[in-house]
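Data first, discussion second: the structure below is written as C-alpha cells.
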Amino acid sequence: MAKIDFSSETVMKVAHLARLELTAEETAKFSSQLTKILDYVEKLNSLDTSKVEPMTQVHDVETPLREDETRPSPGAAAILDSAPEQVFDNYKVPQVIATKGKDEA
Amino acid sequence: MILELHEKLKSRKLSSVELTRHYLKRIAADRTNSYLTVCEEESLKEATAADARIASGKDVTPLTGIPLGLKDILCTNGVRTTCASKILGDYKPPYDATSVERLKRSGAVTLGKLNMDEFAMGGSNENSAFGAVKNPVNPEYVPGGSSGGSAAAVKAGLAAATLGTDTGGSVRLPAAFTGTVGLKPTYGLVSRYGLVAFASSLDQIGPLGATTEDCAAVLSAIAGHDPLDSTSFKREPADYVALMAAERGKKLRIGVPKEYFVEGIEKAVAEKFSEARKGLEKAGHTFVEISLPHTEYSVAVYYILAVSEASSNLARFDGVRYGMRAKGDLSLTEMYSKTRALFGEEVKRRIILGTFALSAGYYDAYFKKACQVRRLISGDFSEAFKKVDAVMAPTAPSAAFRLGEKIADPLKMYLNDIFTIPVNLAGLPAISTPIGRAAQGLPIGMQFIGRHFEEPRILALSKQVEEEVYREKVDHGF
Amino acid sequence: MDFEAVIGLEVHAQLLTRSKLFCGCSTDVHSRTNANVCPVCAAHPGTLPVLNRKAVEFAVKAALATNCRINSRSIFARKNYFYPDLPKGYQISQYDQPLAVGGYIDIEAAASKRVRLTRIHMEEDAGKSVHAQGYSMVNLNRAGTPLIEIVSEPDIRSAEEAGAYLRKLRAILMYIDVCDGNMQEGSFRCDANVSVRPRGSGKFGTRAEIKNVNSFRFVEKAIEYEIRRQIQIVESGGTVVQETRTYDSGKNVTVSMRSKEEAHDYRYFPEPDLIALKIPEAMITVAQATLAELPDQKKNRYEQMGIPAYDANVITSSKKLAEFFDEACGTGEVHGEGLNSTFVSPKDVSNWVIGELLRLLKADEREIDDFKMNPYHLRTLVKLVREGAINNNTAKTVFEEMYKTGREPGEIVQAKGLAQVSDAGAIEAAIAEVIAANPSQHQDYKSGKDKLFGFFVGQVMKKMAGKANPAVVNGLLKKKLSQ
C-alpha cells in the first residue's frame, strides 16, 4: 500500500460516494487529518498477514435461522408516522431520475 | 447501591416513587449536562407500577423499582432517541431495544436518555450535538466517552446505575475518568437489538454503576440470548451477583501485559496500578508478565474497521423514512447530501475514512488488512489466556483531560483508546474499576480482562479491589 | 466477417417463502402500499436481520436442481449504494463467497447444449419506486423479499438459446416449488450480458447489459436486436461501449441507460450483523431427498414410456403441462392410481397434447400451459375412443369443446348426440335405404367396379350423421352389396 495523499479531491470524491455535503473548511481539514491518520495506519504494513484469515466475527457459531412465519406488520400509517414526507401511503422523495437499483452517480 | 436500595424497597422503608422523585429532583439540578431527555411522567408511572409489584410480592427482581438511566443510543418505544445527533430530529422509535425491554420487564424505572458522543464516536463526550458532558469530579474536565452521560450520571447521583455502550472503550473509559465501575460484556452476551449500530462487530451494551455489584445486578437483567440478534450468543440469563460471589476466594494467576507500560503512560496511573497489584498479591493472587505483541497495531486496526462498518451503518440516515430531511427544492442527491450534512464533524470524518477504506482499490489494503491484524490481536489474548486466568491493565494511559484539550487532534484522541480497543477487537469481557485519584483529584481506573463469558471472574476481581484496595466514595444524596 | 454472439444471463428469482428474508413481514405482493413493512425492513435504527430458514432451504434446493456445488460456508455481504427504495443504504447479498457455485443446465435449442452456471447466491430485494410528476413514491412491501441470483457462464450463443435456457431454468425452479416463475409480477427477472466477436475468436468483445426484460419473447427480441446492433457497430468500424441498456418493446430496440464510466463503487464487505451461513449436511440431505422430479428426469421417464423425444421435451418444458399429462395418463408419481386406474396409452395422451392442445393454444396465441382442462376428462376421452364409443373425428370435436368450455366429454357427446352407432339393425336399415336409392351404382359394383365401395360407405355415414361405427359399416356393407 503506497502512501496515501488524502487530497481535497479525494475527500470530495469519497464524500460524494457517501452522500455527504462538506464545507470547504471541512474538506481541507479532513484532507490533512485523514492523511495523518492513514499515515499512522501504515504501520499495519510492517506485518506479514499473507497467511492470516481475516477476522470479521468474534464467534464463528452455528448460523441462527428463524422459521418462515409471518408476524403482523404495524401498517402503513404507523410505519410512515416517522417519515419526513409521505404521499398516498408512500414515502415521498425528490424525483428519482436514474434507473432502478442504482444511484445517479 | 442497588441491592441496598432493593432491601429498602422490599422492606417498604422506601417507595420506588420516592426514590424516583429523589433522582428526578437531582436531575433537575444537574450541571453536568448528562441527560438529553428526562422521562418524568413515564418514570413515575413505572415507579408506581413497581411499588404495586413489590406490594404484591410477585415477580420482584433486584431491579424492581430501581431508577436507571439509558444511553441515548438505545431505542426506547415512543421516547425520543437522538444518538446525540441532529440528524434524528425528534425521532421516536416504534420499539424498545431488547436490553431496555428486559430492564422494564424486571421492573426497573427508566429515568431518561443520557448524553453521549454523537453515534458513540468519541472518547471525551465533546462530540454531542447537545453540548459536552462535564466530569462531575471536576467540571473543567471531560467525563470520557462515548458513554460520558452514563458515567457522569452515576457519579453525580442522577441514576442508581446506567447502561452505556462500548465499541472501543466507550463504557470503560468514562468509568475510569469519573471513578465509576463500567463493564463491557463479552461480544454476544447482551443483545444489540435496538442499539443504534456504530460498528456492529464491536458494539456491546454494558452497565455502569457506583459499585461492581451494581454492574452485576444490571447485567443479570440484560444478558442472555435474543433471537432478534443473530450475533447474540446462545446463553441463558444468569444471576451474575451469585456467580460473582462463587468466584470469590479463588487464587488466580493474573497477567500484566508488558506492552501496556511503555511510553506515554502517566506516572500516577502506573503508581496506582502498582498499588492495586500489591493489594491483590496480598490477597493471594499471583502476577505474571505476559506479552500481547500486537497491541501497538490495535488503534490502527480499530480506526479502519470501526469506521468502515460505521460508514455503512449510518447510510440509513438518508432523510427518507425517519429523522430530519434538508428543506428546499432539492434533487435527490442534494437531499441526501444536505440531510447527511447534519452529522457532526467527527461522524463525517469517520464516514469519509470508512467509505474510503472500503472503496474499490483500497479494500484489500485497508479493510482486509485490518481484519487480518484483528485476528493476530485476538490471537495474542488466546495465547495469554493459556497461561493466566485474567489480564489486568490500566484502562487509559492518563486520567481525564481538560475539555477542549484533545479535540483538535483526532489522532491524539484516538490514541487515548489504546488500552481499551484490543478487548473489543477480541470480543472479550472487561471491567474498569477505580483504583485511586491522581494529584489533581481526578479518578484513575484499571481494567480486568477475562476469557469469553468469564464475566463472573472479572466481576469478582473488581469487587475484591473495591473491598481490599480502593473504593470511590458514592454520594447519591441519601 | 462472420460474427458470433456471447451471452451470459443473470436471473433473479423470488423464493416462495411466506415471510421476508430477514424479518417476519409477509411477502404477499398484492397487499396495500407499505402494509408489509416493519421497523426491520424499513431499516429503523437499531434493528437487525435474522435469516429465514425456508429461504435457505429453497436456495439449497435450487442449487441442487441445477447441479451446483453448495459451499458449506458462505458469507453475506453488504452492497452499499444510495437509492430511496433501498432502506438500509445497502443490500444484504452475497459476494465473494456465494451459497453455491459451478452447476449447469442442459437445454434444447437448435442443438442440445449444456450451459454452465457460475454461481447462485442469496440476497434481499429492494422496494419499489414509482415516479410521479416532480417527485417519486416509495413502497417498501417488496423490500427484503428473498431472492436467489443465478448467474450463467457466457456459454450462450443465440437469442434462441437464451430463451431455451430461461424457459428451462424457470421450469426447474417451478418444478421444485421454490419460485412461482411469474415474470409479469417480477418474481422471475432476467438481465442479459451480450457481446459479439468474430467467430472462432477466443477473446470476448465489450458487453452491454440489458436490464429487467419481463417476458421470454422480449428477452429473445432484445438479444436479437442487440446482436444486430453490435455487429453493425463493429462492421462500420466503431467500438461497442460497455453500458447498461433497456429494451423498448414498442419499438423493438435497446436503449442506453448510462455508461459504465460512472461505475458504481458498491464497497462490498462481510455483513457483520449475520454469522457466516453454514449449511448443515442434514439440510442438504433432506433437500435432496425431497427434491421433486426434475424436467430432465421426467423427460427420460416419458421416453421410456414410449413418448417421442421431441414430444417429451415439449411436455416437460412446463411443470403444469407435465403434471396435466401425468394425471391424464394416470402415471404421475403421486397419482399412479388416479381416479380410474384403467390403462390409458400414454402415447394416445401425448398425441392429444402435442397435436390438438398445442394447435388450439397456438391459434389462441397462448403459452403452452395457459389452459384449463381437467386431465381426467382427457383420460375419459381417450377411453371413449378406444372403446369405440366415438370415432376419432368426433373426438376432435369433443376435445375442442373440452378446451373451450371445460365440460366433461361424456356430457358433450350426449348433449350433441355424437355417440357412435354400432347397432347392426340401425346400420342395416341405413344400408338398405342407400342401396335402394342407388340401383345403378349397385349394378356397377356387382359387375366389378370395386371402387364404388367407398361411395357407398360415404352415403351410409352421411345417412347416419357420421356417427356410425366405420368397422361395422364396412362389414355389413360388404355383405349386403354382394347380395
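We call the chains A, B and C, going by the order they appear; numbering starts again at 1 in every chain.
Quick note on the criterion: a residue touches a chain if its C-beta (ideal position, glycine included) is under 8 Å from a C-beta of that chain, and two chains touch if they have at least 3 such contacts.
Worth saying up front: this structure is predicted, and the values here are computed from it rather than measured.
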Pair with more cross-chain C-beta pairs in contact, given B-C and A-C: A-C
Identity of the most central chain, Cα criterion: A
Centre distance in Å when chain A and chain B are each reduced to the mean of their C-alpha atoms: 24
Whole-Å gap between the CA centroids of chain B and chain C: 57
Chain centre separation in whole Å, for chain C relative to chain A (CA means): 41
Junction residues of chain A - those touching two or more other chains: 17, 19, 56-57, 59, 61, 63-64, 66, 74, 79, 82, 91, 93-96, 103
Chain C: positions in contact with at least two other chains: 39, 42, 44, 50-51, 82, 84, 136, 138, 265, 267, 272, 274-275
For chain B, residues that touch 2 or more chains besides their own: 91, 94, 201, 227, 230-231, 311, 315, 318, 320-322, 332, 336, 355, 359
Interface residues, chain B side, partner chain C - complex: 74-75, 81, 83, 88, 91, 93-95, 97, 192-197, 199-201, 227-231, 308-309, 311-312, 314-318, 320-322, 332, 336, 355, 358-360, 363, 367
Touching residues (chain side chain A, partner chain C) in the complex: 17, 19, 56-57, 59-71, 73-76, 79-80, 82, 87-96, 98-103, 105
Chain A - residues contacting chain B, complex: 1, 6, 10-11, 14-22, 26, 30, 33-34, 36-38, 40-41, 43-45, 47, 49, 52-59, 61, 63-64, 66, 74, 78-79, 81-85, 91, 93-97, 103-104
Partner chain A, residues of chain C touching it in the complex: 17-19, 23-26, 32-39, 42, 44, 50-56, 81-84, 86, 126, 129-132, 134-140, 211-212, 244, 246, 257-258, 262, 264-265, 267, 270, 272, 274-278
Chain C residues touching chain B - in the complex, by the definition given at the top: 39, 42-51, 78, 80, 82, 84, 87-90, 136, 138, 265, 267-269, 272-275
